[in-house]
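In what follows, chain A forms one complex with chain B and a second complex with chain C.
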Partner chain A sequence: MMDCVLPRYKVLRDADLCSGCGLCARTCANGVYRLAKDGGLPSIEPARCVNCQRCVVTCPARALAIVRWPQAGTGSANWTLEAMQDIAKQAQTGGVLLASMGTPSPYPIYWDHLLLNASQVTNPSIDPLREPMETRVFLGSSPEALKVNERQQQVVEPLPPQLKLDMPIMFSAMSFGSISLNAQKALALAARELGTFFNVGEGGMHRDLEPFADCAFAQVASGRFGVDPHYLNTAAAIEVKIGQGAKPGIGGHLPGEKTSAEVSRTRMIPEGSDAISPAPHHDIYSIEDLRQLVFSIKEATGYRKPVAVKIAAVHNAAAIASGMARTGADIIVVDGFRGGTGAAPKRIRDAVGIPVELALAAIDQRLRDEGIRSTVSLVASGSVRNSADVVRAIALGADAVSIGSAALIAMGCHQCGDCSSGRCNWGIATQRPALTERLDPQAAAERVVNLLRAWTCELQEMMGGMGINAVDSLRGNRLMLRGVGLNEKELEILGVKHAGE
Partner chain B sequence: MAGRHLHREGTIRIPSGCAIAAMMDRTGGRHDGTDILRSIALMRDRSNGLGGGFAAYGIYPDYAELYAFHVMYESREARAATEAYLEHYYLSEKQERVPTEDHPAIKNPPDVWRYFMAPHPMRLPASGLTEAEYTMRHVFHINSSIDGAFVASSGKDMGVFKGVGYPEDIGEFYRIGDYGAWAWTAHGRFPTNTPGWWGGAHPFTLLNWSIVHNGEISSYDANRRYVEQFGYDCELQTDTEVITYLFDLLARRHGLSQEMAAHIMTAPSWQAIDAMAPDQAAFETALRTVYSSALVNGPFSIILGSEEGLLALNDRLKLRALMAAEKGPMVYLASEQAAIEVVCPDAEHMRSIEGGVPFVVQLDEVARRRQREAAESCAVREQPRDHEVGVRPCRRKEA
Partner chain C sequence: MLVAEAKRIEVDLGLSHFKEANEQVRAALAQADEVVVASANAQRYLGCALAAGKRLEIHGTPGNDMGCYMDGGAIEVFGNGQDQVGNTMNGGTIVIHGRCGDAAGYGLRGGTILVRGDCGWRAGIHMKQYEQKRPAIVIGGDAGAFLGEYMAGGAIVLGGRAGSYVASGMHGGIIYLRHPLAAEEVPEGVVQSPLGEEDKGLLAGLLAAYNGAFGREGPSLDGADEGWWCLRPASARPYGGLYAS
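Then we have the complex of A and B:
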């Protein structure tokens, strides 16, 4: 039967500008362009285009542009072209729709409804060029009260292990398999340069990353890939991944064709085999089981490493987080539903979970109501797009944030959302050597470092404007936020006043 | 009371600037309130007549072991309700109107009473709380639940005299010249937006703590939400209130010295810590890590009074003025140098308090006692264990 799936994009080529060099054909791993045998301009197959914009950026003549496929919908707000195309695809294949990166659906983005404060008259704003403006934070659990010997200036009881971050921004978990080793190396280099942490994700730690292990989180997810005592003890901290914002409640699946020799060695699975992460951890069916896993990891690492537990932001996140704080978790990570992913069922990505802003605010308040907020660290992730989002997250109550998509975008990602195909033209979400070599870890790291240095400067400017010279005083400081265009209930959950109040 | 249509402290957060002053005799010698009144009066243009007050330590030697409550009433009903409440939880040794004198500038004052009381000998142990915690909770209860009643101070052998007006007028109204105290603090207020409410004037107090403060802290909500975890209700929404609670938490409950508490609130910068010797850096890092939410940010100068003496503190960037000087056993503090010189023209060692460095003045006997004590902090166990007081776990909402 006829295939009813339409192309998503159309390639526009300015024939006057095009020199016919054929770089587009050599660049595009999706096979949009085909070199003509007679030396003419390459032919174009638009149905293959995913709008990654690699050809547009690399075309020396600037002759290319991608536009949306100009097919009109019916005008129905219900049966949109996209809704019908999804049905067409499923009718064709009988399969679950796969998608990548964060949901593009137009859900409210609460960051954009939160405005920041600045000092006027009654207290001075602080100039970060003149005064120290501190962005350092520590992550880890801490006692409610510190026992010290004041005369000798010593701590009587040592603190639980802490991670020192020079800026309250880390990199989210992205595994070797979902992204290339070069992309991971870029994050590792950037993390070391910036004094922060990256996260190897659930795919184990490639031996090339071991020199960066002191700024790495090792992840323990339901598939337990690459987990052994060496892995746990090499990293600076361990993260137990219960869920991911983009796909709460389900596991993961790395197709066998992506299990290259290197991936196989790192994940400790046979080459070419599918790597399946089950939906739950099969040794965690309840909160007390999580406690056992957390303490197994602490036993295995001699209580020298903080253990983080990451959950997807779901309806009951506050109560879950409160339980997690009592399981011995040192860091609670909450990942919002707009967070990215290498691959997720589209329906789950677009319909399951809640925005991280609401989950973060609810968790922070719940932990405070129970008097345990200052004993545990809280990290928020799931679409932090710029430094103002960082400020908002910290003011809502986060100790730090993690970024994934933003770091990848700095490396070249154009959010085409086709990661799961493994044909990433930017060398990020692919394992094909011809593509991964396009990403120079040093150059990519430099761009990521630039990004976070710029964010840190902006963070300092905004803090200074509020009259705050240490990020400690921004954390949970919700008076520095005002809502705009939010209803009473939203304001109540976020714990902020409306602008003008 | 005038201006009821406007918000009071407690329903809205009101920033204010101020004048502060203090003086203390380290030997414990008592001095009347004339000097402190002259000192604060000199800084009249730092206040705007919407609040002034004084705290005095050592004024009730005959009742030194009893809690001295100064309570302000806006109505007879408020007094009746408060007295009935106090009678239930305390044994009152003496209660009387605080003597006042009509003053042309003081309009419509509340009825101010004082009570010298001991906690009820059976209800205190039954509560499972320490004496201080017991008193603190009842003060919170009266201030938040009894309309028209406000506990101005609740310490032992100390009291607060405050109200709406310029501080020198308030001082004369309360006849502070009649009291002898080894330490006085004073406050003149410049709120940016308030009807002026007697309870909202400063010094702010809790138990033996009293605080006068000049500044507006930008870390307010971070500090508030931190102390609220430990059961402090920030009813008035003022900086002074939250700073008092921070001192109470760190010094009284966590057993740190006042100086250490002040050090935590104005912690050294990371830049300074990184330059320290490793042991010292580790110590400072641990303090900043555990107490990061107790860091106070933004411009402030404060003078803290307690049974130990005075402690003056400036924000770490030194964004507010505060001067100190000495003469014999006397120590003087004020927002302006002239306010010290007006009462002690030959004061010595005149200097400004450094940002982030606590300036501590202890009674000689306290300093001697501290020398002998162990240096280790010892946290007070505030909450009784569940099995000691009942079956309902506190503050857990989920099943």
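Then we have the complex of A and C:
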């Protein structure tokens, strides 16, 4: 069959700068470069290039650059080159198109339409360099009223378990299998250093991560991989994964090639077998059933661990969250459709779900209207790109945010979106030993720590500018936001005024 | 709480909420290796994460999620089980002198569940296995639809008749059937065949376990040498060709 799939990228090599060292050929796991037998420059097969930029970054002569394949489309805004290439690929294979990371489709990014306030004259701004600025938050459910024995100065009833975060930012769930153990170790090291939490994802907890368990979320997904009493009781908190923003409504599928000996041990399934997480949990068909699972976890952990429930941001997110808040869940996590993934069907990644900004605002408002917002914590994720997004999310009602893609980018990810191939040249989304050893957990953790330290400084600066000295005072404080370029309905859902109002 | 013998405590759960009921059972288990629940009234999670060396004898009707995350202990029910018996169980044995509800042994990774009578839908869904952990479910009676759905490991034995959609998405393990499926009922990617020599030992052991538990209560399951069929996946990678690469 004629291959109508064009290369996506073209490799530009500056022959004047290239020393012919061949490092590019040794670096690229995709096989773009091939060493020449006669000692000449490596040959180039551009169709294999995914634009991960590893060769560009590591080329000692700076002789390489990747550009888009220069083929012009027809000029049609409808039949774009990409639309036609997708059809060519499916016509040749009959397969479901796979994609990775968050959707690149040009849907509105509401973060970019929300501007932050700053104090002028009255309620003057606070300088975080001179004055204390509280970024610590606690996640967990709160009792309706605090009963205190005034004479003994003690709380009468035990409080539900809480997680203490030194900054309102955690790491999203990324399983061992979807990312390498070194990448997970980097997140674990960073979480401990920063006083926050990482999430082992649904693939169980590798024994090397157990020393970090006090800053780990254990995840329980439909496949129940690696879930046993030890796993549940080792972690600081447990997250029930109902859905993921990048692929709402479908489950997970780790292909057998990625089920290495170590992945197999951690997931407790045979080596080389597909790890299939069905779309639904088969013990959950209702909010009542979710409550049953939440309490089974609480029973198994002696009510000592907060239980989070994560859903994808979808059309009825607010109504669903209202139900979730009544299941005994301590934390609700809502994951928007721009969130990353190791692999998702492209059509689902690009067409299913809604932006987290809208879902978050709607959920926060609904829970407030029903008088139950304070009974649960709310965590937003799904493409939080910088500290201003963190401020926006908190002002829309989040107690904290989770980041996945941003942390991976800090480690070296260049968002090529080829995670599902297992050939990640950055050692992140791969299980190949030759590639995973490229990622030094200590060095990667340092980069992630640097990133979040910088974000925390910026968060303090922005809060200070608003005259706010604690994240608690920013939460749900939508008066600190103004919309630009949004219509009435969007402003209504976001619960913010337009700039100038 | 009655201390009947040195190491056997009896508790009466009455109509207590599951939280108090399980506290009561756990307190008793802390004192004795064997606890008898005299009257379970649909309290959930009984035997949750029950550890090796501990035994729970339940009279009455335990609630959903009995033996969830069970970790090597033993539960014997003189009555019927409800939904999700042995949910995400890691090891141990559950014996039910009656029938059980839906999704028995969901995500079962280790241990054995023996059900004298029928079971509901989706029994053994997503059972898996890892090295020496090879879980098993033996059902003496009939099974509801979707028996062994997404099955990834271990063994299911069905003495009665299967409902529809047996072994949908099966990609590991084995299902032993006393009554073979009609050819059109065998799902894509699953192969039905008479027993091979290598299957007979495992089946004989499971039948012996069933007969040992229920032999005096009704017809026994026998004939490991003949009259049994088995279902196994054609491939451990049923969805390997689903995606365009």
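One rule holds for everything that comes next: the second predicted complex is superposed on the first by the 500 of 501 C-alpha atoms of A that agree within 3 Å, B and C clash if a C-alpha of one lies under 4 Å from a C-alpha of the other, contacts with A are read in each partner's own complex, and residues count from 1 in each chain.
The criterion applied here is as follows: a contact is a pair of C-beta atoms (placed from the backbone, for glycine too) under 8 Å apart; a residue touches a chain by one contact, two chains touch by 3 or more.
Note that the coordinates shown come from a computational prediction; the quantities given were computed from them, not determined experimentally.
Once the two complexes are laid over each other on the shared chain, residue contacts for A:S178 go to neither chain B nor chain C. Contact with chain C, but none with chain B, is seen for A:P270 once the two complexes are overlaid on the shared chain. Touching more residues of chain A than its counterpart among chain B and chain C is B. After overlaying the two complexes on the shared chain, residue contacts for A:H253 are found with chain C alone; chain B is out of touch. When the two structures are aligned on the shared chain, A:Q292 is found in touch with chain C, with no touch to chain B.
Once the two complexes are overlaid on chain A, none of the chain A residues touched by chain B in the first is touched by chain C in the second. Taken together, the chain C residues at the contact with chain A in this complex read 18-19, 22, 44-45, 48-49, 51, 64-65, 68-69, 71, 83-84, 87-88, 90, 103, 106-107, 109, 122, 125-126, 128-130, 133, 149-150, 152-153, 169, 171-172, 236-245. Contacts from chain A toward chain C in the complex involve residues 89-90, 92-98, 222-225, 227-230, 232, 253, 255-256, 264-265, 268-270, 272-274, 276, 278, 282-283, 292, 295-296, 299-300, 421.
Interface residues of chain A facing chain B in the complex, by the touch rule stated above, are 119, 122-124, 126, 131-132, 134, 136-138, 140, 142-156, 159, 162, 319, 322, 368-374, 466-470, 472-480.
Touching chain A in their complex are the following residues of chain B: 13, 15-17, 192, 215-223, 225-226, 228-231, 253-257, 260, 269-271, 279-280, 282-283, 285-293, 295-299, 316-317, 319, 375-379, 395-398.
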